[in-house]
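Have a look at these structures, which come just after this line.
One chain, subunit A, links the two complexes that follow: it is found with subunit B in the first and with subunit C in the second.
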Partner chain A sequence: MLVIEAVDLRRTYRTTTGVIRRRPLDVEAVRGVSFAVEQGELFGLLGPNGAGKTTTIKMLITLLLPTSGDARVLGMDVVSQARDVRKRIGYVFGGDRGLYERLSARDNLRYFAELYGVSGKAQRTRIDEVLELVGLKGREQERVEGYSRGMRQRLHIARGILHDPEVVFLDEPTIGVDPVGARELRQTIADLIAAGKTVLLTTHYMFEADALCDRIAVIAKGEIVGEGTPAALKAGVAEGRVTEIEVFGVDDGVLSRLRVVDGVRAVTVEERDQKQLLVVQCAADRELTAPLLAQLDGFEVGRVTSREPTLEDAYVALVGAGD
Partner chain B sequence: MRTLRVIASGFRMNLKMLGTSSFFLLTSVVQPIIFATVAFYMFRSGGRNGTLLYASLGAGMMGVWSTTLFGSGGMIQWQRWQGTLELGAAAPPAIALIYLPFSLANAFTGMYAMAATLVWGRVVFGIPLHFAHPWLFALSLPATVIALGLMGLVLASTFILYRHANALSNLLEYPVWIASGLVFSTSLLPDWTRPISWCLPPYWGVLAIRHAALGGDVRGPLGMVLALGLASLAISSVTFRWFEHAARARATLSLT
Partner chain C sequence: MRRWLTVFFVGGSIAYRGLFNWIRPAMYIPTMLGSPLFQLIFFTKLGQFAQAQSRDFYIVGNSVQVCAMSSVYGMTMAVANERWFGTLGPLLASPANRAAVFLGRGMPVLANGLLVSAFTFVAGTLLLGFRPGLAAVPALALVVVVTVVSCTAFGMLLGSIGLRAKDFFFAANLAYFLMLLFCGVNIPLDELPGWMSAVGRCLPLTHGIAAAREVAAGASLLHVWGLVLTELGIAAAYAAAGLALFRVLEHESRRSAVLDAY
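This part shows the complex of A and B:
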């Protein structure tokens, strides 16, 4: 059974440019995204910052109206049946905001329990359950303003699942959380799946998506550029090689020339103090070191290495393909 | 029943939050006393000692209006900053129902302004607190406060759509004081301002409260307070729905 369905979903933001003479400017954040999530599945939407992940999730949880396209959650249209959708979903946004800071965790949860129709009788038990689940038991009477980022994030999750929703949307839930806290959060997410929930997770951490998701859609510049199981996505670049070249002062023009070298799939740049590290995804059956260095003629070149692709390379290749 | 639980929960929660805001507490505690002191000296220097209770009630209402206005204006903006506005908008109840108790709690704290003003006047300026119709006074005050809260809800609904609409709340404080006759009688204003005054719950509210305290027809103004309060509730339930839909289209529920 399909629980989440997005068909050619688009969202354009209208903004203005200029100070005195303001001109309208349309920014396409999501450009025809389509995917479907089955019941009990953990589906990942993976992409860099600004790729359109949050906009997509906000349309699915009824916070934004799509500019065009259709989206259904549990068979209900997110535009015309927004109220019904809201009753049956939970969502969690990453980051510090989205909690009543001056109230305790318990007061926050009690308020949201009322909004989501958890009966007075069930509230105490359910609040204790979710506090236990996210590891905040014993700290629930403290004001949220004194919480660490990890604790806030766990409280976000507790709020999102308080009313026992069938579908949970998690928007970068581990962002800014320390490694130990992030690992605990990932365990909590895995527990949600074990409890039979359907989860849509957005993240820009490849390893997180790989560890948790049944299927992943990679989104870049508002479009889905790859979709499949983590293993299938990795296999897409497993046949290739990665050449890393240390250089100094390379500009966009050179990068453009490198990208069109025969056998090159993607090129990304990592700034490292004075130098830059070019990460070049290459076809496996080609030796491209010489042609790549030929394009860098005139620039100072440091170490050149070649290695097998990693998980991150799969992601970079997909995201970088559109550049 | 569910609706009442949502209202009670929001009301309780907002009172708790207001109670922890030093800025709000300072404004609520100090401002009415300043208003009251200025009003007493103005009326006393005019040689109108007999009307000091009239001034006291007007000053109290100024405090109620300021608390409601800034509470309602700040409420949505503060929730937007805190990231909780989206949570309210994405919750199952109608958004007007979610913010109604917040607005009522803001207005409720305004009742302190009235009480503080009357006590200040009694203790510092020796103004006797003799009410012509004490029961009607006890009815008029909460009715006015609730009507003001509902008027605040209409204003709050516009803040859902416009990120910087709370600047409007700064502009509305003094004109409403004047148009409602809180500082001086509206008979001193040009005739064309009358219809504006008639549309304002504080105008009828202060009339009801003053008549209940000093003598005069209470039921007429009180009826108008209730009617305008209900009208505000109806208007806000429509405007909240409109503005929430428009905010989802324009993406103004969040800061970015």
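This part shows the complex of A and C:
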């Protein structure tokens, strides 16, 4: 069964620019996005800042009306059946706002339990359950204003799954959470899937997406530029191997010479302290270390390694292709 | 229905604790008790000095009007703060009945307004010699309840406006002083220019204060029921307008992201 369906979704924001003479400015945040998520699937939405991920989620959770296109969640239209959709979905936005600061975690949860119609005896047990699940048990009587960023994020997650929704939308759920906590939260997400829920996740952590997602769509400038399983994305874009070369002081001229070496698909540079790391995507079955090093003759070269492509390589190639 | 009621009462009271900025004693005592007390004494003494109206005219007028401290400021915060706290998104994403959420916010504000008014009446009795007579107290209490209800309903409309407007404290301040001037609190409506008294008659408080003065002076409820019903009608109109505006804003925010602080 298809749980989430987006068909040619578009969303334009109208804003203004200029202080004195205000001119209207249309921002096309989402430009024709289509995808489908099956029951029990964990679907990842990756993309750079401003790509339109949050906007897409806001349309799916009924907070924003699409400018055009259609979206259905659990078979219900997000525009005409918004209230029915809301009852059966949960969502978590990253960040430390969106909580009642002066209230304790328990009262925050009690409030949302009322809003979602979880009342009476079920409410207490369910609140204890989610507090346990996100690791806030024992601190639930404290006011949220004294919470750390990660604790707030955990509370957001507890709030999102409080009413045991069938579909959960997670927008950067692990942002600001410490490594151990993030690992626990990833386990919580995996448990949701194990319990038969459907999850749509956005994240900027590639290893997280790689570890969790069944399928991923990469979105850039409001359009989907790649979609598939993590393995397929890695194979499809960064087919072959990745050679990483540590160098000192290379310039753009060298880079453009490297880019035209036969068999090279893409070269990116990461600055590291005094040195630079060249990440070279190579075509399959080609040994390019020697010709690459030949181009770097005269520069100080450090460690050279060759490895399997990661999801990050695939992502960089997909997102970079549009520039 | 039961669900509607729990959202209304339980949800309303939790949200109030979360959203009402002045709930701590250090803020509550000066704003909700101190400032009404000084307002009462100031206008009563000023009125007695000017010998324009009787002492009780000022005591009743101000003791009823001070409920606006809660109705105007408290109610505006209880709605408008949702946006500035970033909790509006989660609220609007929930399936909760909007009328229950919105109107439920009024309950604690109403209770607080009654407390503020009662406190000021007691202060008037103890400090300024207000003696309505025991027989008048039940009728006076009823009139005050109705008036605080309508004042709270007016606050709901302000709250919705505050959700959209950026500087809602400015609007709340303005509303408080407008009520002081237009609603016959310290100046009888007949003494105001025609347009001002016309505005006053469309605001909450005006009819309630008039009724409260009469029952405090010994008139029976039967004598003032027209004023009381008018006050109730005004209450219903403002609550409906506040809720309608809230609904419109929710729709506008989905359409054009106008409330996008979340």
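One rule holds for everything that comes next: the second predicted complex is superposed on the first by the 251 of 323 C-alpha atoms of A that agree within 3 Å, B and C clash if a C-alpha of one lies under 4 Å from a C-alpha of the other, contacts with A are read in each partner's own complex, and residues count from 1 in each chain.
Just so we're on the same page, contacts are C-beta pairs under 8 Å (C-beta built on N, C-alpha and C of every residue); 3 or more make two chains touch, one makes a residue touch a chain.
Predicted model, so just to flag it, every value in this text is computed and none were measured.
Bringing the complexes onto one copy of subunit A puts subunit B in a clash with subunit C.
Applying the stated contact rule after C-alpha superposition, one finds that A:Lys87 touches each of subunit B and subunit C.
Of the two partner chains placed by the overlay, subunit B and subunit C both lie in contact with A:Tyr100.
When the two complexes are overlaid on their common chain A, residue A:Thr62 makes contact with subunit B and with subunit C alike. In the superposition on chain A, A:Leu318 makes contact with neither subunit B nor subunit C. Touching of subunit A by both subunit B and subunit C, each in its own complex, is seen for residues 13-14, 61-65, 83, 86-87, 91, 93, 95, 97-103, 107, 110-112, 114-117, 159. Taken in their complex, subunit A has these residues touching subunit B: 13-14, 61-65, 83, 86-87, 91, 93, 95, 97-103, 107, 110-112, 114-117, 120, 159.
Those residues of subunit A whose C-beta lies close enough to touch subunit C in the complex are 13-14, 61-65, 83-84, 86-87, 91, 93, 95, 97-103, 107-108, 110-112, 114-117, 119, 159. Here subunit B touches subunit A in the complex through residues 2, 5-6, 9-10, 13, 16-17, 20-21, 82-84, 86-93, 98, 245, 248-251, 253, going by the rule given at the top. Partner subunit A is touched in their complex by these residues of subunit C: 2-3, 6-7, 10-11, 14-15, 17-19, 23, 85-87, 89-96, 101, 253-257, 262.
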